[in-house]
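In what comes next, chain A is part of two complexes: it sits with chain B in the first one and with chain C in the second one.
And now, the complex of A and B:
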């Protein structure tokens, strides 16, 4: 009888032993195990991503020459307008450099742009992350900002041999310093509300009381100059609602993020360049 | 050892398929969680040690791809395995419907436990629940559809590797 009871309890004894053993395993072993299991499975996501690229390539090959000519014409127009922007940009950069030396200001951080394809997207209700197909092999570092045409994507949280993990701004684990466009006062942004079939949302806190926002007159939230790794002025989202906070000194509000965050296929990592 | 490796290979395949499905569903903001499937077959039909080992390895794979404390999936899967192993004599283990029901209940429990460990990071926990419930509904629907197939796949994989399919001891 006692033997039978012991036999029945064996799965729970094993569970207790596993839990106890896991608690005393050193952190370095856990870190090594996490990296090993990630690297073991990374080729799966990368291979699937490359297969999708190939599928897209063969899909594009089916387009007619006429469509290609039209696309080339549109691209030439776009390039012409961008070239004009580049000329203006270089003039403004020269002006900034002149003012920095005149006023003896510290230089703004410089970045190298590393474009990367998205290998896998993981958008659960708990977290939102993407895996990109560039890692240590392209000098990507932990904490590097990631952007796309619509603004900020997020920041790099893990770097592996040939891949990196980016935590998206819609993820509740991401907190950033932001500012309302045209206003220098810093506000706090946090991702986290991601309704099914709806656009990703975030929350803004410490919004000054004199900032009036309505759904019909939303305000653009951009990265702040005091936002750590992010260059100032990059779009985070649109503040669509603001209401008084519990203490009455500041407002809290909702931030509507770019819907394209869920369907990203290519992003740009801003790799900090050490000037020294 | 061979049994563990075969079971782990099928679980790795499951992880790959679910992650690709989640990648495809990302634009719709729908996410499926198949934690129950990682545990059920091994716990109900396999000997304790190789079944548990395969489940724990699958838990580590899930942990490596999630921003959670490393070992959370491992411990949750181990607890589910222990509980299912304890009650498996009372389950019709060769019946696809029984396995599916057990997988659904296990998945529900694992999803809720994982949600309770992660909900504190949300700026508005109450607002996060509608999304989590929608994800749970999608996950349960997926599991109801694929559990019989996946159990058959695991049994077939063991057969191909010339490992006895069931632990009838």
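And now, the complex of A and C:
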């Protein structure tokens, strides 16, 4: 009877032994185990993501030809406007190059754009991150900036063989040097504590006292060149409220981030071309 | 089969009986469970009802942090509202030392093991190991910062050691002069949970650099940053460093300028990140602003000209009617910008070597030389020893025990008061002084408050001024008064010592025909005209005195001011003044000169009065008041006249970036 009871307790004993063993395992082994676990489970996330893509594809196949024609027309209009934008960009780039050589300025950092599909979203009150379907295999490195059409998405924090983890700017672990659009003074941006299903928010500090912000007249917060990671001018969010900061020199404010951050399907990783 | 059914029914009945029966073991088990449940409920009640406050406090202490911020200091403006001292953002990177304990312990063990591994028997003591570990760990974090911003800063081991001993609870400042760009890079580059973090504080800003450095003074760090009646005394508290006035106006008006500290209580996550808006917050309040009486245009004009002499000196300019100080300049001085956020040891040593900390305008006690003859004249006229028509024969010397030479060894012949002042004839005043006696001169000087500090709103005004008298000499030097002492005193030599500020007050008093001018550095547009005791000269005596002083600037020793040869003329401005060239014994039996100019303008309706003093730097070299001090006065008067002209024309000057 006694042996039978001990036999029933076997799972608990095993668990206790494993827990005790884990405590004394060297950190290197733990790190390796964690990385291996991620690499092993990554194909599952990627496969699920691809299955979703496939599902979406077959879902789209069900649309009528009429809708396809309409979408094609919309796309053509969009393409035309983008082509115009591309022309303008090339003119501006030429002007920048001319000014750089005239003023003997060092060239602005150049980036290679790596588009990646989002494989998984992982949102909580403590962190907000996504897993993308590209990693070391596409030259992505830790710290690389990630953007989308609405502005900044976040920064790559972990890189694996075929995937990478991106910490969103709505996460409190992400801090960026920003600036109010049209103002060169640096302000400090940090992601806020965001509830899982709430609108993403951030916090801005070191906002000069002469910057007047109201919910009716918000100011656009963009990246500044000072941080050294993000190219300047990318949208971070809208500063909707500002009030006196604790040191009496600056204001502290709330930043409303793009709500699409929570439903991203595709992002662009900026990979530095001439990284020193 | 039926029998089987019957058996089953019987058995089931037995089983039911078995379960419904009061088995003692079950009862005991129930009792045991009940006791355990009671214990559990009791424990729960104890924890939830009795110890709730203790746990709430513990949770609060673990999840809340209190931060104190100093209030920004009030700004200092000149009389026209131009910013002399403001506030700017100071970016710094600091290290939270209390988060480094495990790292420090590991580093200490590592260093000790390294010593043992190399077979070194001379293993450092525990204190030395501890210090080495601190420097090593802090340098590691500093290297991270260096890598991000491209600097090569090194840990100052001595400062770090002092910090660990005295201010362990405060964050250690790694770099406190980050540029905005460096701040941005560190803000992005440093991990959120790193013990090294960037901070923004308020630091002093000096738009005019070294202008009025001695008057404005500077600030130093202060740990006294605690808001009144702020809750959460049991919480972990971080205090940002504040500032306190160390010199000049910053020190004298510390209570006014110092802001009120603010504080906030934040809820934090286990990594120390703020996770909410402040639970409790008191915003810091800026200190009160000060509007000084200084006119920065005149101040800069005076300082530029003083600097051109390449000698030490001082210039003081007063508003004749109100006593407000328009200029208070001393050279050499220091660049205030180098004091913010803190001065380096090298800059401090350099300033000390140049004598830049000596505030000559209020601390320099100099013999006034011939500028003192104005006082001797007043004393002589009031005592009746001379009249406006009294003449004296100047053979170029005066004998009083020994020969006392006249100014520049000149022979002036038979001259009256007006020429005596214009040409600065010593013999005229030797004789007048001797006839009056030292007590009369000293009494007159005391009427003009030349024997005491002026009481200007600055710390460290000297008390070393001397208006000698026979009694004073007996007490101080245990010697009797000699006739030579009297004649020396009559021309502002001998034992007489005054400060440039005192002489400026004297000039203003003479301009106003009163005996005392109280100087003030605070501007009040409603300040009434000062009124003190009249000097007591008859109208014709005063007219003669003013005329003689104007002659000094027209044809006398300060004609450089008006003749337009070396300096441009100042159209329409009549100036009354007196130069002085005092001497003091220097090494090698030679004498060193002090050049003076005191005066006021316009002579017919005085508005500003001034005193300029220049210290000669080469023994034996002639450093005359007309040559060295008068040009400084000219620069000030020219700037003043131009401003008056602009104001009269109603021109408005727009501030430009």
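Some points to look at:
Convention: the second predicted complex is superposed on the first by the 243 of 276 C-alpha atoms of A that agree within 3 Å, B and C clash if a C-alpha of one lies under 4 Å from a C-alpha of the other, contacts with A are read in each partner's own complex, and residues count from 1 in each chain.
Everything that follows uses one rule, which is that a contact is a pair of C-beta atoms (placed from the backbone, for glycine too) under 8 Å apart; a residue touches a chain by one contact, two chains touch by 3 or more.
Everything numeric in this text was worked out from a predicted model, so none of it was measured.
Legend: residue contacts after superposition of the two complexes on their common chain; A:172 is shown touching both chain B and chain C. With both complexes superposed, B is the one of chain B and chain C in contact with more chain A residues. By the touch criterion stated above, A:268 is placed in contact with neither chain B nor chain C.
When the shared chain is aligned, chain C comes close enough to touch A:244, but chain B does not.
Shared-chain residue A:206: touches chain C; no touch with chain B.
By the touch criterion defined above, A:162 reaches neither chain B nor chain C. When the two complexes are overlaid on their common chain A, residue A:193 makes contact with chain B and with chain C alike. Judged by the document's definition of touching, chain A residues 126, 172-173, 190, 193 lie at the interface with chain B and also at the interface with chain C.
For chain B in complex with chain A, the touching residues are 12, 15-16, 19-20, 22-23, 25-31, 33, 48, 52, 56, 60-61, 63-67, 70-71, 74-75, 78-79, 81-83, 85-86, 114-115, 118-119, 121-124, 127-128, 130-132, 134-135. Contacts from chain A toward chain C in the complex involve residues 126, 172-177, 185-186, 188, 190, 193, 205-206, 224, 226-229, 244, 246-250.
By the touch rule above, chain A contacts chain B in their complex via residues 8, 10-12, 14-15, 18-19, 22, 30-31, 33-38, 40-41, 44-45, 48, 120-127, 129, 157, 167, 172-173, 190, 192-198, 200, 203, 262-263. Within the complex formed with chain A, the chain C residues making contact are 67, 69-72, 87, 89, 180-181, 183-185, 187-189, 192, 200-202, 240, 259, 262-264, 269, 273, 275-276, 278, 281, 283-286.
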